[in-house]
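Each chain gets a letter, A, B, C, D and E, in the order it is written, and its residues are counted from 1.
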Amino acid sequence: MVPTNYYVILSAILFGLGVLAFIFKRNIITIFMSIELMLNAVNLAFVAFSQALGKLDGQVFVLFVIVVAAAEAAVGLGIIILIARSRQTLNVERVDLLKL
Amino acid sequence: MLPGGHLLSVLIFFPAVGALALLLLRGDDHKFIRIIALIVSLAEFLFSLLMIRAVPVGATGYHLEEYAKWIDQPPIHYHLGVDGISLFLVILTTFLTPISILASWQSIEHRVKEFFVMLLMLELGVVGVFLSLDLFLFFLFWEVMLIPMAFLIGIWGHERRVYAAVKFVLYTMAGSILMLVGIIWLYNATGTFDLPTVEALLHTPLSQGGLELAPRTEMLLFLAFFLAFAIKVPLFPLHTWLPDAHVEAPTAGSVMLAGVLLKMGTYGMIRFCLPLFPEASRRAAGWVAVLAIIGIIYGALVAMVQPNLKKLVAYSSVSHLGFVVLGIFAFHNISMQGAVYQMLAHGISTGALFLLVGMLHDRRHTFEISEYGGLATPMPKLAAFFLFVALSSLGLPMLNGFVGEYLVLLGTYQRHWGWASWAALGVILSACYLLWSYQRVFFGEITREKNRTLPDVSAREKWILATMAIVTLWMGVGSTFITARTAAAAQSVIDEVEPQRPYEAATPDSATPQAKLDSSGAAKAISSERLGIR
Amino acid sequence: MLPRAIDIYRVLPELVWCGFGVLVVLMQPFVRNRHFFTFLALIGTLAGTAASVSAAMRAGPGFDGLVQSDSFSFFFRLLVGTVAFLVVLAAGPYLERERLPFAEFYALLLFATAGMGVLASAQELLTAFIGLEMSSISSYILAGYRRDSLKSTESAMKYFLLGSFATAFFLYGIALVYGSSGTTMLTKMGSEELFHSKLFELGLALILVGLGFKVAAAPFQVWTPDVYEGAPTPVTALFSAGPKAAAFALLLRIFATVPAATHFWFWAFWGLAALTMFAGNLGALVQTNVKRLLAYSSIAHAGYILVAFAAVTSMARDGSAEAAPAYAAVLFYLLSYALVKLGAFTIVSQLGGTGEKNLSLDDYAGLSERQPFVAAALSVYLLSLLGLPVTAGFFGKFYIFKAAVNSHLLWLAVLMAVNSVIGAYYYLRVIVMMYMRESSAEAKSAAPVGFPLTVNFVLAFTVVGTLYFGLFPNRVLNFILQPALFGR
Amino acid sequence: MPKYLMLEYLWIVPLLPLLGSAANGIFGAKWPNRIVDWVAIGSTGLSFLAALEAVREFFDYFTENHHPFQKAFFTWIAAGNFRAGFDLQMDQLTVVMVLVVTGVGWLIHIYATGYMAHEGGYRRFFSYLNLFMFFMLILVLAANYVLLFVGWEGVGLSSYLLIGFYFLKKSASDAGKKAFIVNRIGDFGFMLGMFLLFKTFGTLDFVALFAKADPWPADAMGHLGTLTIACLLLFTGACGKSAQLPLYVWLPDAMEGPTPVSALIHAATMVTAGVYVVARSHILFTHAPTAMLVVAIVGCATAFFAATIGLVQRDIKKVLAYSTVSQLGYMFLACGVGAFSAGIFHLMTHAFFKALLFLAAGSVIHAMGGEQDMNHMGGLSKKIRRTYVTMLTATLAIAGFPPFAGFFSKDAILLSAFENEYGGRTVGYALYGFGLATALLTAFYMFRLMFLTFHGKQRYDEHHVHVHESPDNMLAPLMILALLSIVGGWLAAPAFLPGGTDYFAKFLQPVYGGAEVAAAEAGAHSLELWLAGVAVVTAFVGAMVAYWLYLKRPEKADGLVKSLNPAYTTLLNKYYVDELYAAVVVKPLLWISTKVLWQAADVAGIDGTVNGIGEGATAIGDGVRHTQSGNTRSYAVWVVVGAIAIIAVIFFWPFGGKTVIGMVR
Amino acid sequence: MTASLAVFFALAALAVIGAVSLIVQKHPIHSALSLIVVMIALAGLYLLLGAEFVAAVQIIVYGGAIMVLFVFVIMLLNAGVEEHTSISKMAGAPGLLLVVALAGFVAATIARSTESVETTLQTGEIASTLGISNMIFKDFVYPFELTSFLILVAVLGATVLAQREKS
């Protein structure tokens, strides 16, 4: 059997990579993808815990998270399109009109 | 509801009613507005005189109390009351307000309505401060008063008015917020905001259900309160807001600021710091006295070299208020009485000085002493009034300044001769700066052509100044009318902080052993003890 | 087990808000009259708020404890409902002026309000998460509602990216909490062993990160000024009053309900509070844009509220009775703050002019001469923010001070005092501008900005509310001070 | 009807001048000079009459009751156990003072109506002058130190006003200011003295205080006991008011005032207030031998010091001013050696002849059209004969020629100094020696003044100066005072004269007790005679030297000036004391106040700190805002930072996150 | 090493490689593909954990819908190779360090704390789709209904944001 530990640690690593990606990617879409990566990491943790606890609710949570992710994706991509249209760039560092 | 009617509430809220009435009036009929404001403030003054009857001579405690529930949790009450000390401070306020209104009769030309509204709101706040017997209520009025004053400075002031107004608010808030923390802390310890109850609790021994604060706690609480008051006074080195505020404020603002607002600080020390935290007060007294003495001398010296007349008067306030603080923290009934008296006297004489400086400014639009010179020639009456007021300010006997100063020094000397001796230097220095500036402004040949044709006092100004002069004289001669009424309250404060030993005159018997001794070291030690070195 | 009627009642406000939201969306293609939507939205927000009364009358856990209808949620539902109502009133003229679609705005507003209601009433982390997302996603869209404005879209993007980023943390926190406690129900996290569970602590920490982001606690506050500045001003008003209050509500419920949470968190809140106050106030010192200044100020105020949290968490293990004043402080502060911020942003929105051009402090010079009543109202708000008496802000601050001192948090109280003074400086700057400076020539020559009836109503409501709660806070205090604030 | 009507209403005496002052001051602007005259002279005259009546009643009262008359009118200040009443008192000392003040004051008022006739600010002048009378009367009538202090400060004020009467002249207003401030320095000591007395005795009423002090044992010599310190503090006040070293500097400058003022205030009355206070407090002083010694030494030193300066002054009023300082020194010398009655006696005679000198000098100046430099006078004796005669009388009196008043009073003082018991014989001889030297110098400079002014060559331009005798209302007071300068001394005829009895000392006996008179009479007549002889010879020598130097061989005087140039210059510049004070006290104080206290401490230091905190906050704010880079990536890092921080606090905080109830955080 | 463990490691490695690749890839479309790899690997892990329904949803919704949306948008916007700017000072080495610290700490805590729940794995019977649906529609019906509104919001948002100007 695979210890739950392993799953959760994997999820932590993936979550960390997601954070890293958020910080190191410049393309807004990729950044958004890194958020998806983080959510996936969360899902993995949920499922692992659910399994470990012998409860199903963890899996239910995953479904909710996926729904939320989908909704976010719709809105987020909408915003990205808006940005891309108005600024002709997808580099997040170029979008810094608001500052200080 | 305690007996006594609602006189105090009326006193507090009547200006608000007046202000509201003014707000509803149309803003363009300036004369009408001025008259209404004057009538309101005069009526308020008359109301305040009614209080005198209610405060019997020699009676301690609060009179005309009003008590109503306001907020349940924490229990905050609308609790008002007046005693000998606050009585005259309120009257001083209500007296100076119509004077200020008259003084602004012509010099305020724009936003007239707002000006008088602010003035009346200021009166409300100040009267409220003096009459509140609930710590929370006290704090509330304390803060409420800030805004009208800031507006008075900021809107109708001179060139750097905004800087001065902001500085004034920030300084005061810095202290008062800490006081709020202190008030809350005190509430936590006692469970009430009611001043008499808190006082009673703190003075009851632990064994009898009272409360004893740990020394450190008491000291911190004392400091929290004291800082707020010291800034307001202002005590050296927290005084730098004062010159700016005064210089930039319009005449009425300066009069109220110097006349009444500064007294809120010393009033707070008498009403809160000493009775609530006697032990801490005793421990801090030495430091406070040192600051007060520094303030006296320092304020006077700095005043002496000011090229700006109004700043000079402002620094002189620092010096004068130093006497008050010293008198309070000498813990002697005479000095305490002197401090209370000095508060009132300073209100009148410095108020009058600011009025006069304002009148000069109305004519020449400058405060620079170098712009004046020889003014006694075109305006002898103004010069005469100025001299009279300057003399009262420098403490000439038979004028009001002397009584307070003398009592402060006398009382202080009884406990700490060193303090009094240093402070008495202020007596010399006040003569220096006032007479020197007077000479530079009024004496000599006229050096600026513009000054040659300046008009002397108008009828309105004459009446203002004459009123101030009469009060000055009356306070200088008939001081017992006031001291008789403040005595009991002052005494009870002293009793709370440090019960006085009954007076024992030194007798030759007690001195005999010393006389027997040769002029050796031992004799010196004894004599210095007799001198009051403690 | 299917939902019973009582469950429905207990979430009625949210359902009503959502229902009206759907209604607006459905009507959108068929009705051209914009005022109709305004009217509908007003009815919707009011109806939802009214429904919260009915929910409060049937207090108790709903859906097996997913949500809780108690005084606490009642308070917040009333609050967010009123906020939404006022935002609808204030937004009408703005949308008109900026030529923005009405229906979608109101629908999103209603959904966001529903999300906040969920957040305030949720007793279970996942439900709370859904509520949070409802309000957040609506907010993202609202922030970018002025699509032709670069700032608005940028605001939306930043809010969206960072918000989702923080949400991921929040979610991971939920996962860890779930993993360590086996449940996401706040009421079931009472077991003794959780006191020693590092995993649980870590989960809570990540939840705190997520919620800290939402309430703009430093160092998660970075997004706030940008987003507040860029978003359409009525939306900013909503942001500063609504979602923040709701996030605080959840935070409070977590740290009030979960014993293990209450216990260990004192220093974290202490640090957050101190940092947030300073970040907000110091940042605001140098701002010249009114909107941005108010944004920084709202960071500072989050800091003040966090002081009360530090007080809550320093209380004894399960001392909800003792901690009641501290909870009350949070609630009262949020109330006073919401009123003030709403009013202030409404004025900013109205004075901003088409395209929100006039946002600089200089544009406020001499306002008291041009528009005395507006200046007076703004002064009341600013004084309330400053914490001067006879305003609600004063009592709010007073209660927080009291909570802090109660918990012996003297240094924090002192820091808060220092911050109040710093804050006073920049609030005064605005007042100084309005009252003590001359208008610029063009401002003088321009006609005064019109204030439509609805906006005036908002201003009157908030001013009166601010003063009323400043003078007579009794009722609301007695309500929020009741020991059984959190129905249990 | 009370028995002693005037005593019962004693307040009338000071009140009359006050009313006069107020009437002239407030309403006088519209009155012609004549009415102003009437008000001023009338009020002082009535006051004089009232004083006379009061004195008469007092004698009756005293024979009946054998103690000073006292009456409390109202309580002025009261606090705790302190009470200062408006209480007036009359005893023999008061009688002398009241009569001198009202009498001489009245004469000078009359004189002033002539002298000031053509000056602007006429009614202002008389208003001030009457005000002065009021305060001076308060001073001498007061029954406690506090009320005395009222008069004390009040006369200082009047002096300030009158010195600065010509306020258009900077030197005048400077002098007024200087007078007031220097007096205040003395008052500082006086106040502290009062405080100490109150601390010790619990009262400041003369009668009660002295009654308590009397049984005290005297402090040992050289020992700073309470009484010694109190006395020294009071004496500081006296030094200020009576222009003693080192506070004498204001008096010569005070000559900027109109001459009647110099006569009344700065010669006859106010400046003697210090002597009066010491005499009034004699019970305290006799309990403090150290203080007595200090008084004597200061008095003697001042007498000699001022006389040396007086030797070379050119301004006629300056000479008289230094002479006044010198004579005041004599009075203190008398007090310091325990001869209070001699001091008071000299005070009285000095009031006569010094007032006369000033008035006569005023007459001269009047005649010369304002010229005060003696180098521009000379040979006036013919032109203003009556002035000359009266002034000569006064000069003889001050120089100490018998039988003029000065002889008797000065003689008594020198005798007492010779017999001084405080500090031993040697001290007494030294005091006597310097006193005698001063007498020599006095005679010299007074005759120098006379010769330079009235004799010798005419040194003014007759075309510009129209010399004329003064009007009668100026001359009449001169004559009366001249008469007094002659006969005034006879009251204290020394014992060596046939039938000579010191009536004056006897008169004051109730005040000073029997001991003093007995001591005075016990002195060997022969010694007294010898000393008197020496004094007369000394005065004669002084006068002769002046004659020789200024009339006989004027070129010698110039030669002397040349050969003794450094000394001469030093004297001419008054030992550079003013310059010294300016350099050591005034300038450093102003510099420190401006540069250090105001600009460095206040503006830069305190305000700078406050503003610096503000600027610091703004700077930090600017830093904070730079974390707001606008860059989403950075923002994300901040979130991570926050997460790490929270975790760090929860997991690694030394306090473990656990709360300790009751701990202050 | 059991077979399941081997599968776990294989999938875990795949997921990590995918995630790293997401970061390393310059072109967004490559990143998107990397993310899909991660998702598929995760789906595998879900299967390993006995959560078949979740695995299915993962593939269908995530891989099938969401990622397609991403790719679609990338195509739509014609996003090219990522522009390399380093304007942010924070998001360099310090950011890397911080993230590593954070993730390391979280992982370490988990490693130490979850031992207690290790392998209390109860397979099979409860992990049924029936159970899940029961939970969704009974226990979690309220949030479930709320998600419907959430999706409505998303739809609304997408239309508001992305619609062309009416002008």
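Everything that follows uses one rule, which is that contacts are C-beta pairs under 8 Å (C-beta built on N, C-alpha and C of every residue); 3 or more make two chains touch, one makes a residue touch a chain.
Only a predicted model underlies this, so the values are computations on that prediction, with no experimental measurement involved.
Trainee: Chains touching chain C and chain D alike, please list them.
Mentor: Both-contact set = A, B, E.
Trainee: Between what two chains do the most C-beta pairs come into contact?
Mentor: A-E
Trainee: Find the chain most remote from chain E, comparing centres computed as mean CA coordinates.
Mentor: D
Trainee: Going by average Cα coordinates, which chain is farthest removed from chain C?
Mentor: The chain lying farthest from chain C is D.
Trainee: When the centre of a chain is set as the mean of its C-alpha atoms, what distance in Å lies between chain C and chain E?
Mentor: That gives a centre separation of 31 Å.
Trainee: Quick one: report the Å distance separating chain A from chain E, using the average Cα coordinate of each chain.
Mentor: That pair's centroid distance is 6 Å.
Trainee: Distance between chain B and chain C based on Cα centroids, please, to the nearest Å.
Mentor: 44
Trainee: In angstrom, rounded to a whole number, how far apart do the mean CA points of chain A and chain D lie?
Mentor: Averaging C-alpha atoms per chain gives centres 95 Å apart.
Trainee: Got the chain D residues that touch at least 2 other chains?
Mentor: Residue numbers touching two or more other chains: 614, 625, 628-634, 636-638, 640-641, 643, 647.
Trainee: Send over the residues of chain E in touch with two or more other chains.
Mentor: As it turns out, chain E has residues touching two or more other chains at 87-88, 91, 95, 99, 102, 106, 110, 114, 117, 139-140, 143, 147, 150, 153-154, 157, 160-161.
Trainee: Would you mind listing the residues of chain A that make contact with two or more other chains?
Mentor: 8, 15, 18-19, 22-24, 26, 31-32, 48-49, 52-53, 55, 57, 64, 68, 71-72, 75, 78-80, 82, 92-93, 95-99, in rising order.
Trainee: All pairs of touching chains?
Mentor: Those chain pairs satisfying the definition are A-C, A-D, A-E, B-C, B-D, C-D, C-E, D-E.
Trainee: Considering the complex alone, what residue numbers of chain E touch chain A?
Mentor: Residues in contact with chain A: 2, 4-5, 8, 12, 15-16, 19-20, 22-23, 28, 31-32, 35, 38-39, 42, 45-46, 48-51, 53-54, 57-58, 61-62, 65-66, 69-70, 73-74, 76-77, 79, 82-88, 91, 95-96, 99-100, 102-104, 106-107, 110-111, 114-115, 117-122, 126-127, 131-132, 135-136, 139-140, 143-144, 147, 150-151, 153-155, 157-158, 160-162.
Trainee: What residues of chain C sit close enough to touch chain B in their complex?
Mentor: 325, 383, 388-390, 394, 398, 401-402, 405-406, 410, 413-414, 417-418, 420-421, 424-425, 428-429, 432, 435-437, 473-474, 477-478, 481
Trainee: Please give the residue numbers of chain A that touch chain C in the complex, ascending.
Mentor: Listed in rising order, the residues are 8, 11, 15, 18-19, 22, 28, 31-32, 35, 38-39, 41-42, 45-46, 48-49, 52-53, 55, 57-58, 61, 64-65, 68, 71-72, 75-76, 78-80, 82-83, 86-87, 92, 95-99.
Trainee: Would you tell me which residues of chain E are touching chain C in their complex?
Mentor: Contacts found on chain E: 106, 109-110, 112-114, 117, 138-143, 146-147, 149-150, 152-154, 156-157, 159-161, 165.
Trainee: Applying the document's contact rule, which stretches of chain D touch chain A when the two form their complex?
Mentor: 625-626, 628-633, 636-637, 640
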